[in-house]
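Quick one: the structure is below, questions incoming.
Read from first to last, the chains carry the letters A, B, C and D; within each, the first residue is number 1.
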Amino acid sequence: MRLAKLSVFAIVVAAVLALGCGSKHDSGSLDALLAEGWQAYSTGDFDFAAECFRGVEATQATADQTYSAILGLATVYHLQSNPDFGKAREYYALLASLDTQNARKQSALGLARVDLAEGKDADGQSKLTAVMRDYPDSMEADEAAIHLAESLFAPRADESKPGGFGVAGEASMQRGLKLLEDRLSARPGNPLASAMHMMLANKYIELKTFDKAVENLLAAEKDGIAVERLRSVVVWRIARISELQLKDYGLAERYYQRYVHDFGRTELYYRALKSLERVRALTAKENGQSSAPQQNEGA
Amino acid sequence: MARQTVRLRQIKSHWPLYLLLLPALGLIATFMYLPAATGILHSFYRWDGDELATYIGADNFTKAFTDPTIRHAFAVVGILFVANLFKMIPSIITAVVIHRVISDKARYVYRLLFVVPMVIPGMVVLLIWKFFYNPVVGLLNSFLTATHLLDLFVKANAWLVNVHLADKAIFMADRSPAWLGDSSLVIPALIFWGFPWIGIIGVLIYLSGLEKIPKSVYECADLDGVGWFRKFVYIELPLIATQVRINLVLLIIGVLSDYGLMLVLLDSSGGPGGAAMVPGLYMYYNAFMKREAGYACAIGILLFFIILALTFINNKFVRVEK
Amino acid sequence: MLSLWENLRKYPALLLLVLVFAASCVVVAVNAYRGAGGAVGQERKKVLRIAHWQLEQGIRNAIDQLIADYEKLHPDVEVRQILIPETGYFQWVNTQLIGRTAPDMIEVGSGGTVGWALWPKFYARYFLPLDRYVDEPNPYNKGTALEKVPWRKTYFDEMDGGYEETLQSYYRIPLSAFTERLYYNKDLVEEVWGPTFPTTYEEFLEMCRKLAEYGKKNHRRLVPIAGSGYNFRQFFNAYRTAFTADYLDPLDVDWNGVVSRIESAGPIYSGRVKLTETPIRANFELVRELSEFFPQGYTSLSRDEAVFLFLQGNAAMITTGSWDYESLGVQSEFHLAVTEIPLPSKSNPRYGSYVAGPQTEAGIHGGFPIGVTKMSRNAEVALDFLQYATSLKKNEEVNRAMYWLPVIKGAEPRDELRPFAPHTEGYSASIEYEGPGAEMAYAQISIEYLSGKLSYEEFVDQFMRAYHREVPAGIQDVLRNDEQTLNQEMRFAAIRRAALTSAPGATAVATGDSAAQYKRIMEAYVAQVGVRDSDIRDWTDNARLAEQPAGQSGR
Amino acid sequence: MSRTSESPLARWLKHGYLWIMLALVFLPFYVMLVVSFKDNKQFSNHPWAPTWPLHWENWIVGWNTVGVCIANSIFIAVLTTVITLCVAVLAAYVFGRYKVPFADLLWAAILVLMLMPGVANLIPLFNLMRGLHLLNSLVGLCIVSAAGGQIVCLYILRNFIEDMPKEFFECARIDGASHLQQIIHVVIPQCGGIISTLAILNFVGAWNSFILPLIAIRDPEKLPLAVGLYQLQGAYVKQWGPLMAAYFISAVPLVVLFAFTMRFFIRGISEGAIKG
């Protein structure tokens, strides 16, 4: 008898333990469950996050909660380490059926990005363009611009090319640059403006169009860069490029000086200090002839 | 069999017997069977050891079968197992030698003396051995240098490289071998560990078997002029075969499931380059370093079945000839 | 009862056992009572536990003193240290986190590559995000110049050492800072060489020779430099930075001031930068020269074995961090002195022209980082304790006691530690020889060169063959890892976006101001994408160059 | 087993072999003892020979570091042994004397556990202990260890009780003794030898237990010896003298235990081996 009871007991306890994580669904409110889901998502425990979101989605939740749950599910499938694009697309599409502006914007952006992630570049790019057209003044459109430009600029893995990559061609580079510049002139003060300027600068550096690069770096710095480390890189680039490429020693001096002043605790501090001295010596010589150091042949 | 049968219908008068069983069974059910059950259950989950568990079917097992580390771990354990078979020999020899000492008193004293080292706590033995293997201050390297054995190793190694039997120099002149820090020396170090490999419990068990041999058998053997070796093979060995088998079972379980040795001598990643990773340690590593507790449970279950199979084979095929 | 006693008397062993057991019960009970915060005649205290791996006696005592001071200020709190050796530390923390028995405060960040991948998850799941505390002033700084300064800003590095980039949040409170130096046995050096330690590499080499001769003459097992593979790397890196600082501008194609792994791998692969170029060759030859003065087989020695050699006077020098200053100082029976790794002078005919300067330490962050666990019942008290420990006065005091460098602006380290002050003058590393994927080959082949089995040409030849074999795949690996980081960034951007559209749950998880965080993440993302694209362009250029027949490669 | 003839050579060979083995087996003792009186300098210069002056203070340091651990270990070892044996004797009595319904099934269920490697269970066991709030608790540790340790005891004790003459129990029963009284007055005195041997084996086992306390005990003041020593050796720059003194001290309690029980133990093992 006892054995039977014991085994029943053991099975029951085992079942309770095993379902321990699942059974929490009833314990808290749906908001708590959503918070748990997003928490798990942020720690990289995607299966658990998906389970939480699914738990909310299946119940009679408020419109907001359903929105959060479906968005969560779509995001999990889209961005987890081994993505499931089919399901992501399914849930992003479901998101569009919710009747709020937010949901539709997220859905459109999400669907476009899933296309890009899957390698359907043309589809993704046209969907991103649609996002920018349909919701021109939104945060999502700003992000769409960045992803669209990224996709136009991005090199593609290509076994036949040397090194295994094919880099973006001239045409798509120009398209990307124009797109970002248009966006910046249409919505100059948007929160991602500094990021867009940095992106432009990166590309102009790649194309070795250094005057435009510095122009954009200056704009980015003016817009305000939230990440200190990135700001230090921008200041360094302005100074270095204007010294070695543009030979604009006044600008270089100003920005080396700013670097030395603001970023004493970075590894480039001493180099900046030395360069400042060098640049000052050069300007002191006045109309600095072509005596700048010839170190940039590889750049 | 002096057991008294209690039938089901008599149970009314004998129920207190179950009360006596209760503590033992209760403990076993709670702390042995319940964890085993949840362990089996969790081996089908991706589980981080904490509350996050997702059902993934048999993925953990398919992963285990293709995981090169597990293959390596079982290879290591196989090597150690074979080595441990040989490491049983000194205990048997010692038991036989003690047994053949003529004076009763001397036999007893030897037994006592061999029991004494048992008081050294296991951890201390491990740490002392770790200390022996220390490349800078360790006893082993001092000994090898002082006796010029190391030079011999170097020459042998160089020769082996020359004739392409070995692909790299492990021992080099003027260089102290790092026994536990060199991936090609770790396994030899683990095999050599515990020299002279005398397990006192084993010796006592063999001795008790040997003592059952009647004196007359030896007398007959002496009359027939049987040499010491044949005495060992024909008289002594068969009589301790049962004990050897018991020890073999214990050895299988011990070698396959032990990893405290590696954990202390090396660390949870199995030493340099994971050279000494064994299944138990890999399980521990997965559970408490990498947080793949579900996978760890799956490894544990594999281990259990392997031990079960080996014990079964041992009972079935290593027969005791009477 | 009486019969029991009679029985016991018959078995003295049993009697003894009972007595010993009773004694042990008392010890265990007292410990359990005190562990729960009880003390005779007092109210229950709040017990805080802090776990770390700084086992040195001096460090332990210094923290005990800090705790005693804190307890004097807060009689209702008791703080206890839990010391776990570094080898088992990560596994221990992991276990305690799963078991929900983790101490209130934990030193974070150990565990090698496995730990490196898991800590961000641990922070997110088990540790308290500290963003809302670090922008408030530290109350224990009252009456000092830092009174109104946010906690974060009181740090010499603005608490960069506490910022977790992957989570874009503060999770750690650093207590000390560290730099690495060359320690030497002053007595021995004075006896053999003279009162002033060499300031140039030429003198240094001469001194090493004298030390080796001295050891031979006196039949002592004396090596000039106590080295393990670990210590050797510090030498190597110092000289690499000094010799190759000028490679920054030619190699840094994206002008961000950092030569990424791919930026240095591409040119080496294509031959635009050759390992036979004079500065690089000089770098290797110098280190080869120096490795004569390391113990035989140093690459297989461990760190503490090298320290043991040094402490016993069997080695004259060792490179290690400031974290060892106290334990080396206490345990050495000779006078300990600290200096920089000497660089070749400008007049050196072989090396002089390449030497730019020392390695910079301007970028160091606060170390000894402590996190507060979510499961702590007294998290507020734990934070209060950490604020106490990082107040201007106490941080100075405790670091003086530990012989470590304080992290708070204005806190003065010990005079002995002056040589450890991070020098901001110096260069950052500008080239990496290993190359992604070829690290193993580099380790093996470079050891053969350093031990004299290969000539430099043979070394370069063998290594370049391995380089061409391994690096293309290695670069693909680096880029794949980059993709994962980018994906991770996007994952966090998605939470912030969800929070900005006020999705329930996401708002609760996101700490701090979501709009600002979103901007931060997108900027970081764009910067990384830029580096990746530029790296790939550089790599394909170089790969194309490598495919061309020699002679046409001039650009 | 004395035999009539034996050549002196054989005799010397045998004794020589045994003495060499003993020397090797006792080598750790020698090392611990010699090194424990050295400071690091002496150790570095003359690692293996005794040196003067003797550093007695190493032993004080050693005692200070492992003293608490020894108290904890004694507590754990004694409590574990007592629980294990109490539980095992009760159950062995039932299995050895009676054939109650389901007995064979239960017995088989217990025997399977002898094959179960403790490792396979470790992680779920850890979680179970967390659920029952047994983590970081010495008593919890004892209970869990006892649950595992009783199985072998049960197996051996059952064999002994089975072989005991029926008459002992019959007499007791006629005198009106309950089951418990029968156990106390018949089983324990009759099986005293094997019980004490099992007690010693369990004691030594608990004394040496490492993995479970390593993961289950958090507070340093609760650590048993094995874990305490393990953590001690992780220190960065080792002081070999105090370390070896601590090792030696940690062997002392077992030395005392064995001094009293050695005879018992040797006899018990022999008996057990014959029956088991």
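Keep this in mind: a residue touches a chain if its C-beta (ideal position, glycine included) is under 8 Å from a C-beta of that chain, and two chains touch if they have at least 3 such contacts.
If you're wondering where the values come from, they're calculated on a predicted model, not measured in any experiment.
Central chain assignment: C. Criterion: smallest distance from chain C-alpha mean to the mean of all protein C-alpha atoms. When the interfaces C-D and B-D are ranked by C-beta pairs in contact, the top one is B-D.
With centres set at the average Cα position, the gap from subunit A to subunit D is 60 Å. Spacing of subunit C relative to subunit D, judged by their CA centroids, is 42 angstrom. Rounded to whole angstrom units, the spacing between the C-alpha centres of subunit B and subunit D is 17. Between subunit A and subunit C the centroid-to-centroid distance comes to 29 Å (mean Cα coordinates, whole Å).
Residue positions 44, 106, 109, 126-128, 215, 230, 233, 257 of subunit D each touch two or more of the other chains. Annotation for subunit A: residues 2, 17, 45 touch two or more other chains.
Those residues of subunit B in touch with two or more other chains are numbered 18, 21, 25, 33-34, 38, 42, 48-49, 137, 288. By the touch rule above, subunit C contacts subunit B in their complex via residues 87-88, 90-91, 94-95, 97-98, 111-112, 114, 118, 296-297, 300-302, 305, 308-309. Interface residues of subunit C facing subunit A in the complex, by the touch rule stated above, are 121, 124-125, 156-158, 160, 167, 246, 248-257, 267, 272, 357, 360, 362-363, 424-428, 472, 475-476, 484, 487, 490-495, 497-498, 500-506, 508-509, 515-516, 518-520, 522-527, 529-530, 533-534, 536-537, 539-540, 542-544, 546-547. Against subunit B, the residues of subunit D that register as touching in their complex are 1-6, 10-11, 14-15, 17-18, 21-22, 24-26, 28-29, 31-32, 43-44, 47-48, 86-88, 90-91, 93-101, 106, 109-110, 113, 115-128, 143-144, 146-148, 150-151, 154, 162-166, 178-180, 204, 207-208, 210-211, 215, 225-226, 229-230, 233, 240, 247, 250-251, 254-255, 257-258, 262, 265-266, 269-271, 273-274, 276.
Residues of subunit B touching subunit C in their complex: 48-50, 134-137, 172, 174-178, 181-182, 267-269, 288-291. Interface of subunit A with subunit B (complex): residues 2, 6, 9-11, 13-14, 17-18, 20-21, 24, 40, 45, 47-48, 51.
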